[in-house]
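Presented sequentially are two complexes of chain A, the first with chain B as partner and the second with chain C.
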Partner chain A sequence: MREITLQRFAIALVIAGIVMTLLPLMVGTYTLTLLLVYGMLAMSLGLIWGFGGILCFGQAAFFGLGAYAYAIAAINFGESTVPMIIAVLVPAAFAAVLGGMMFYGRLGDVYLGVITLVVTLIFFKFMNSTAGPEYVIGTARLGGFNGIPGYQTLNVPGLPEQYIYGDSLYYVTFIALFVVYWLVNWVLQSPFGRVAVAIRENEQRASLMGYDIRARKTVLFAVGGAIAGLAGAFYANWAEIVTPGLFSLGQSAEIIIWCIVGGLGTRLGPILGAAGLAYLKFKLGQQMLIDNAVITGIILVLFVLFLPKGLVPAIEKIWRLSVGRKRGRRPARSRRGRAASHG
Partner chain B sequence: MDLAAVIVVETVYAVASLILISAGLAIVFGMMKVINLAHGEFMMMGGYATITAVNLGINIYIAMLVIAPIVVGLIGLLVERLVIRHLYGRLVDTMLATWGLSLFFVGIVTMIFGNTTTGISTPIPGISIGDYQINGYNFFIVIISILLVLLIYFVLKGTRLGLIARGTMQRSDMAAALGYSPDRIYMATFFVGSALSGLAGAVLAPLVGLVPSSGGAYIAKAFITVISGGPSVIAGLISSGGFFGVVNQFFTFAISPVVGEVALLVSAVILLRLLPQGVTGRFLKGKL
Partner chain C sequence: MAETVLETVNLTMRFGGVTACDNVDFSLKARELRCLIGPNGAGKTTFFKCLTGLLTPTEGQVIMRGEETTNWDTHVIASEGVGIKTQVPNVLDGVSVQENIWLAARRFCSSADASRKTEEVIDRLSLSTIATSEVGRLAHGERQRVELGIVAAGDPWLVLLDEPAAGMTSDDVEQMIEIIHDMTKTAAVIIVEHDMQFIRSVATEVTVFHQGRILMEDHVDTVMSDPTVRNVYLGKKA
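Moving on, here comes the complex of A and B:
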């Protein structure tokens, strides 16, 4: 993991700024906002799976929970600042409880997968059955299969009349994604993140070194839940309706596919995978010849078989083999020099 | 009294259908440690194979018990040769690849049959108990499940083929040294597992309106039943199927079907938390 320096942050800021202004020239901001939301969602799983080694089959649960929490809170409060915070806190708290239950029980990989999957299904079944008027939180009806429409969408903090929508929602989401991305970067290069990677590599060794694996995994899981919840809140603002479909298995599957295709264990990979595949799906949805699921399925199978590490590591490798070779020696020498000076 | 009889019948049926749904997955997971997330789609294709065969004028029992297992078994064979065999020993990768396959099959079936509900009527009329009416087909499913469990037990325990299969699953290198090709045996086991999935889907087809995405309804239940059952194929299947079936029906009759479903899922979470290796990881160890 390279360190975060002011220089690297500044470069990233400039690149992000350029990308942010150039993207709307190619794709409509309405679609772009959704791609960004999916990118954030993929980043949440990329963090806990790629760096923490926790394969969660139910990341959609936190996404949906965030969206629902936002919608319910927005109806009750009539503005959006507090609901946004609630939409992050509720999934994080839920993830902490669920994660604590699983990690303190020392459940294995497969069992973890089953439980997260089951929890997602519970939400899906429960939300689908809440059509009756008795399912009310505050003044918000849960609405069952039809979901919750018509809540207050994002507004300027303190000014409930100043809505943020359309182009400005796109810019806000982009900035949020950028901030979260650098927060994730910061977490990963902090001691906490480094120990998380150590746990992924060898759980037993890390625990023998005296790190409390269960607590660390739980916290990481909660952070992942918080990011997914934030993505859910932005989704709720974009779609202006939340439905139980957010909790569906298909949604969970897609998040995993994004991470695999983009590249596990990279920070940018899941975001690019999510945006790329979601855009592909959007384009494919416009033709009638081949069903969407066929292509998604083939992509997943081919990647697992032939490119299990994902696109970003593969591109990095090609880059290093072709372009990077000429310059390859210089960084190596400087690194050695630095190590020597430390020694 | 009548109600009690109905509840007993419904509970037995719930247990039987859980076992039926999970049998194919249990074989593949218990024997080969491969989790086939396309299991639900295999069942769905079994259902479509049956419906297609019936529409072509074939006897419904032949369609369900012969044609569907063979068709789905062959699809499974193809899948094993093309995808799964490259991934043995990589549990998470097989899960992901088979998830991809499940999406693929949903898409293909949607393209062929369209995204509409199809179905056939049950071949057995209803039976009345007092004031209540029970679907006579439920008894058929119970009988099929019992026969299926007995058959799996007999084949694994009593035949030379079962012995070779079990030996290979325990120590494939030893089996190879004794002259049996593990590759072939894995292939055959996956074929049998897929065929059982097809059979289950076919037998359940008259009860449900079939859509290309109906596999999703089965996979979660089957997955939970098999994982909660633990390492033993038959003992695990019966114990967890029995437990979940009873929990489901208890809450269904006490409160509502939705609560029954949710109770099943919640009890699965609690069960796995208490017995992380599944039921047969703790009890009935070493049984088949």
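Moving on, here comes the complex of A and C:
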């Protein structure tokens, strides 16, 4: 069992290495870094929604919170290592408190969606209204709708003069995404992750098995917040400015669409959905003919109608069908014997 | 004489104007097998829900092994070793049979022990041919058996079965009876059933519910020949 995991890890490492080296030959690293950031953000929602059944309409709140936490901490501390940690801890703590209130309050799924949406809106409104000089944290002014520019960006730990930007930022972000991906993998294979799937499948049965679903959902929600926060921190380093636009509802909606298109309940799907759709948006942004949002909308509708499970499950199915045929087996039968919790 | 492991005192559950359980005083001894019968709407399922914390009773107490559990959360009661098969099939549809049982076992032991326990339960409940199948794709009877496996995996001392034989073939039922007898070696079992033949084949002691109250409690033969019971229950069915 452990050997298989090691072997899979080695294969994934090699593939990731190849992809990491090849991508910059096709797309600029500046664009790629953003795609990776979005991939990480999508993974955070993919984890809590796809495997924990928690549909959060406000994942952008943790993303924005991570970005702001980084910017504010970086202005105050100068060096980037502590700010990176703070950018993970602050959204995680906030998610733990918010999640705790929602789950222990036994809110239904719809209310959960509404509350996370409203929280995002509150952040958006609040950050927009912090233009005045009274809104400072340490030496950092929040800056209202202008946001916060001019903070220390990512540096080699301990060496504030050694900036990580451009191509290096791309490589560091890629490695970070890979590490987080494997951590998520590890969580999903652990008993904690398997119980999370049980809760997604049937909350009542999970608690009749003896699991405290409120506590477990709170922890999972906090983990999702932490990953979104890390994505926000990398975003802050990429953009070199953070603005209230990070908390926009459009951003929250996009994360949900990335997950649906990529494949909910799969581990790679949300990342691919995010990178694919964000790249498309970037390409479409260069022309004026059709509006971006319309295209995203059309893609979503097409997927919901024709590939409701998303891209990755569809590819898996095609793969299985072709392999099944080669082996002269009836594909329908091979499907039946499949343990379907992991994608 | 075995000790009393489950007791309810004046247990009452009201839904607005409906009193689903009305001052129920019930008690059960260790490893006892009891059948609960009564017409539709008598309050049997509600009674089970009050015992497992799925509902908080309006009044009265639930006492398990000497401890009052009336307001305990479902997962705490379950962790104490109370297993239930609900009336509506209640399984994890999106994952395999194995995973369902492993998750139930894992609550009480390490991952390795849970895997061992899973194999054992799969073997005991003859689930090996469907062990890797997704539960949502299985037939009704198979799903019922999986749910029984989930219950068995937790090694409970109290087992509640709400209409376990409903919609099953006679072969399935026979196997079910065997499994239930097996369970009574280590657990007290309460079974809600409508099927009289089934009741005769598993239980000696029967409790009759009627309009939220215990109407009668006696040996199965006495209960069956009682004119009041025949009137409220059998009379209606025939």
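In the analysis below, the second predicted complex is superposed on the first by the 319 of 343 C-alpha atoms of A that agree within 3 Å, B and C clash if a C-alpha of one lies under 4 Å from a C-alpha of the other, contacts with A are read in each partner's own complex, and residues count from 1 in each chain.
Assume a contact is a pair of C-beta atoms (placed from the backbone, for glycine too) under 8 Å apart; a residue touches a chain by one contact, two chains touch by 3 or more.
For clarity, every value in this text was computed on a predicted model and none was experimentally measured.
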Contacts of A:Ile213 with chain B and chain C, given as first, second, both or neither: second
First (chain B), second (chain C), both or neither touched by A:Val304: first
Touching partner for A:Asn202 - first (chain B), second (chain C), both, neither: second
First, second, both or neither for A:Leu117, with chain B first and chain C second: first
Which partner reaches more residues of chain A (counting touched residues only), chain B or chain C: B
Which of chain B and chain C A:Ser129 touches, first, second, both or neither: first
Which of chain B and chain C A:Phe145 touches, first, second, both or neither: neither
Touching both chain B and chain C, residues of chain A: none
Complex contact set, residues of chain A against chain B: 55, 101-102, 105-111, 113-115, 117-119, 121-122, 125-126, 128-129, 249-250, 253, 256-257, 260, 290-301, 304-305, 308
Touch list for chain C against partner chain A, complex: 52, 54, 73-75, 78-79, 83-84, 86, 90-96, 98-99, 102-104, 106-108, 111, 132-134, 137, 150, 154
Residues of chain A touching chain C in the complex: 191, 194-195, 197-198, 200-202, 204-213, 336-341
Contact set on chain B toward chain A in their complex: 35, 83, 86-87, 91-93, 95-97, 99-108, 110-111, 216, 219-220, 223-224, 227, 258, 261-262, 265-266, 268-269, 272-273, 276
